[in-house]
């Protein structure tokens, strides 16, 4: 599989130079190059395109939810006549349950987790640590290809009776186990579980590979404490995935067995719904919740730690200043990971779990807010006294910080057990996790796409349109999600197809209509992004190796990097954030530049090669 | 690019509208719903306390962010003013301060939590021989009703004259729970099929109902709430008809409450009915 | 652009910073095994939670679990761990053929393990202990009316099936009469007794007797329990014998009365009564008495021939959850063993040298892990 | 009836038929919105039904096979004649009753147009939570737009939701084969039906419940008329009447009035007549015999296991295991092929007698409700009335009510619930 790694020359005039780089040296068929590629960059891009595609699906599902909340039981635009001819085009209630279930499922399992770990993890890890590829390229390829059965399974949930799995993304039994409990608890739920299992296998294959790569394949001189925060984020994420995910996989198998063979792990004795035959044997419904959250709480860190890492890199780069408190940042990421394993119970304060356990979980949960606080202060410290360039990625990165403050602070309300009694399962929670996941992670992801786009495709994205995209997204997302806090304060519950039955919530309809129009605006705004993305891919200005004058090792490789990534042996001389260092005249000091006049920036001497 | 720093204003909008919306919220009727329970004010107090605390942190950090962005943009600050990798003492300060605050919040509220959820703090009929409340020999207060969640309604069972649930004289009703005012009361909640959640927004009560488990909730409706009805909401996804699980809690005076039970009992046991009114008579 | 231009050259073989003193293969194997640990930790955790959450748990004996067989399997697996190490040692010493022999032996031991496991599963299935079956398994949690009705229905089904046969062998005729006896003399009377009982204790006694007669599960309710039920059966025998005596007396009375009756209709009635009593004395009650010793050993016990074809519902408290967890844990373990065997089979044609011994070491690590899981499972399932 | 029809001269009839077919073409277009017609896509449904029966042939017992073959044959005939029938019947029904969204309330039905207006049509919510289109908001996803019990959710429910078009209602105070009173329907709406997916709508304002009751009656009458027209389509002389009814203007009105008069107001079976007389057919409740409840229960038990014959279906243990029809309750009562138009594509459901030991009694559970049910039997599912004197029914009521408590054995509760004590 050896081929030439090429610089910026030779094929520069060709519009498809990415293709040529990969093809050079070996004549590979299209399938070999792009479908069964073992090159981490291609796999990363495969993940990127797949997840962005699913992002559209997830967004449209969200619009379906918003439509019902704004105009309950009115005819669903466009799709109504097609899907619900039996009831005059209005959405059926089980379709609504399927909508929010699949919105969450798609966004979490098919967008956020794979776009962070799969797309950026794959693309960036070897480049940023100076490796020619992942430790096990074939395994890496498999980790992508295990996503496809998952895509198919999740797709199948829509096609089976009931229009999709409808037990919520948490799939709480008995609703998810007793087949006749709801239309959506039939085959759709089985497909859903299979989908989650495949995602689990994919993530497991990816994460052990990432860990091995990061542990064993760093460039000479790249000590653990010279790794960029992105890599730290990916590394800790991989650890979380490797240790938490098997638990969900096991639980998923058990739920599958409950459904297929009535093993009854998660169903209480005699449980029945809709006049089905009663279950024999006495399992425990809460057991699923424990197992599920044992994975899914760490999963929320899986969904944010890499984003935090990427934001740190972007902020340091565009503030032209070293990251404030690099080591505390590393420790806080690790702290989040460690504490992340012992706080799952805060999702279950009112679930019927022993309230004494609730107190311990509350204490642990309060403590996990701490590392997040430290990170925010450190980002502020980085910006402080910097030389800030307001580029599109920087705008998104700062938006991440600004929004993460909201998402983080609203978490404290939920950690407080008595307050959680009231706000649990209300829109306050919905506001909280959308601030963390959409306003947080998705902002970071968009920033990262603008930031690393030149490395991926060798061309720059349009900055002006990027800023328009940013501004509109930023305004609309706050319009959509911020009022959810207020709804939550009234007690407005999640997952209700028609909350306006209740006198307490009837007056919230106009606010929901406002939010819905903001959401529609937000989705529409992404069209700008899509056009910018594809236009720039082919016609954007050439980027060169290091368009942002950044320090990371990935910027010394050609853009896009050829097979084997580097055209010279990278040797790391210093940490990744030496911006504005007095040791050099420029305002940046890349990791691979040898020290001037024999000065050493610390760390051990690289071995000669 | 001298105008680049005006981008900071975008971020300035966050604290302005963020705080503004909360200030305007009561006027929009978007605040915690009226509290008619005795313990609810503790939860509300904690909520508001955390709100002010986080509000202050929110405004401070967002303003700091905007101020730094404004001040240190690349045009107004062509040479970076600082070259620093961090400050150990600052890290210590901003580790310890939030840690202390968070711990304070955690410990501050333990009692409120225990009062509402710990079964040994549930109302008792009488304290046991050892004279200490919250020990095993207490006589727990008998539940005034059992509420069963089922797809998709709340079935309510009053114990009837003998005061014991699940006997032949039980009185059955659906969705319409009546409770006496100004009395510590215990409800048994359970589920017939899948998970539900017993949520009374106005009483600040929420408890998931799990099949196979019998749980207790307890609260007291304050004076002044009698004669009014409050929503009983299902707050845990229970299937396609989740939104249909609307119940109602009506707070009655003691005499009204007894009259209500009488009426229920009469309805249950009556053996004749007046002939139905014809359409014209209605 | 700050990077200097480099001349194109062949794909670089990059050098790396020293990481852990392990090969990449071994690193990833250790990491993979740590995810496997979490996987089995979840499964075992579920077992522990469910077992200690249950109000009772069947003893190994109740569910036909044999400790010696389990112990033998444990021994087999430990031996296989030794052989795989020996295979690795031989490979390191460049003795490929010896390595292959040890590898083949490991494969064989793994096969033996799975064979024994299959035998054990078969024994469970034969006794009606499945993970479950829709809509209900054959295992019932309590001796209640639901259980009694299930036994009655099963017997009725068997009888209907036998009756529907166009022609029956002698054996089938025997089965038919036996089924009818059980249904009419044993199950229905007890069920009826339970339904008509005036007190809860009376009802429970009838149902307990029914469940005991079918199968002696011994829930941890107290040691004396089974003998209590046994005594009830003895008492039942005494009662039946007394009934015969009483019936005989009654019949004699009728016989004495018969000649004196002149009215034809009344005479027919008396005659019918006389015949009924005769049938009861000659066949029905003796059939029940004959049934009693069988019930004492339990219809569904191993030494009862009915066990194999009647397939009655069994009352094993927590038996369903026992079966669910047992098959879950051993099943996933067996799948892991199977994967190991496939890996061995793929490696058998290889030539082992010190160079590629690493792959043998890695698969050995995996095999040790599988072994270790069993070391946890054996005491959990068979001994405690 | 024949007398009435013979008045019409053949030549006039021919003209009328021609005009009606032309008019109906336009009518067809109007009703092309499939969800308005009670017989939505009947062709496909009949075809699916045939397919299903075909498939069941393979596994059916010998004695059932003949029945199944007959059913298939009938259905195939039905399928052939369907399009023409459907066109005519739909046009007439729409002209008489409007569509469920835009109902026309005939004075002959005695329904209240104002109430129906509140319930019909698309949901319109305003800020105070007051709505129009109540039926769409609360009912349609199970009972379907036309009240055919085939909304999108219906297929998943056990038992299937009621198809109003047959005019069968299980829980009512009137006798067997009678229509329910308004109060009966109101009670079902308010209390829900325990043991089914029908929830309680108790908290809706009384006016909204009344509106829904009225609308259910409207859908039921409309559907029954439609069914009647289908059923008697080929009867002698009726064709001419139908053709007349398809005319526009006053002539058509006259014919439609004829239909109402002749077909639907028949004292014994006419749709309008049965609804109107419901209040007069309420079953009398005799006074409760004055015995202690224990004694009454004991007597009830004797009846249950003895002359009441209850045990035959409800089983030795009263757990409803006596017998089971593996057909759904709609199939069980279908008497001719046209009834196959009811959800034929739904899978079979077991029609089981109730497990009386279970704490839930299906349907309203006041003493008086149980009395009436035990006195009359239950429509549409074939529960017969026991042949016992009226006052003894009270013993049976007492016994049935005591059954769940007789074996009051709550299952074990979960160990984690330390709160339960």
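Letters A, B, C and D name the chains as they come in the text, with residue numbers starting at 1 for each one.
Everything below uses one rule, namely that a residue touches a chain if its C-beta (ideal position, glycine included) is under 8 Å from a C-beta of that chain, and two chains touch if they have at least 3 such contacts.
Keep in mind that this is a model prediction, so the values were computed, not measured.
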Chains contacting each of subunit B and subunit C, listed by label: A, D
C-D compared against A-C, more contacting pairs: A-C
Distance between chain centroids, defined by C-alpha means - subunit C, subunit D (Å): 48
Separation of mean Cα positions, subunit C and subunit A [Å, integer]: 45
Separation of mean Cα positions, subunit B and subunit A [Å, integer]: 31
Subunit B and subunit D: spacing of chain centres that average the CA atoms, whole Å: 42
Multi-chain contact residues (two or more partners), subunit A: 92-94, 182-183, 268-270, 274, 276, 282, 284-286, 352, 355-356, 498, 501, 503, 507
Subunit C residues counted as touching two or more neighbouring chains: 53-54
Residue numbers of subunit B (touch at least two other chains): 117-119, 151, 210, 212-213, 215, 240-241, 244, 246
Chains that touch, pairwise: A-B, A-C, A-D, B-D, C-D
Subunit A-touching residues of subunit C, taken from the complex the two chains share: 1-3, 5-6, 8-12, 14-17, 19-20, 22, 24, 27-28, 31-32, 34-36, 38-43, 45-46, 49-50, 53-54, 130-137, 139-141, 318-321, 324-325, 327-328, 332
Subunit A to subunit D touching residues, read off their complex: 71-75, 84-88, 90, 92-95, 161-162, 180, 182-183, 186, 268-270, 274-276, 282, 284-286, 352-356, 498, 500-501, 503, 506-507, 509-510
List of subunit D residues in touch with subunit B within their complex: 110, 112, 138, 141, 153, 173, 181-183, 191-192, 194, 197, 199-200, 202-203, 279, 282, 285, 287-288, 293, 359-360, 365-368, 371, 401-402, 405, 408, 410-414, 416-421
Complex contacts: residues of subunit A adjacent to subunit B: 92-94, 96-97, 166-168, 172, 174-175, 178, 181-185, 267-274, 282, 284-286, 319-328, 350-352, 355-356, 358-359, 362-363, 366-367, 369-370, 373-374, 376-378, 380-381, 383-390, 395, 398-399, 401-403, 405-406, 409-410, 412-413, 415-419, 421-426, 471, 474, 478, 482-483, 485-487, 489-491, 493-499, 501-504, 507-508, 511, 577, 579-582, 587
Contact footprint of subunit A on subunit D as seen in their complex: 33-35, 40, 101, 122-123, 125, 127-129, 133, 136-137, 140-141, 144-145, 150-153, 155-159, 195-197, 411-412, 414-419
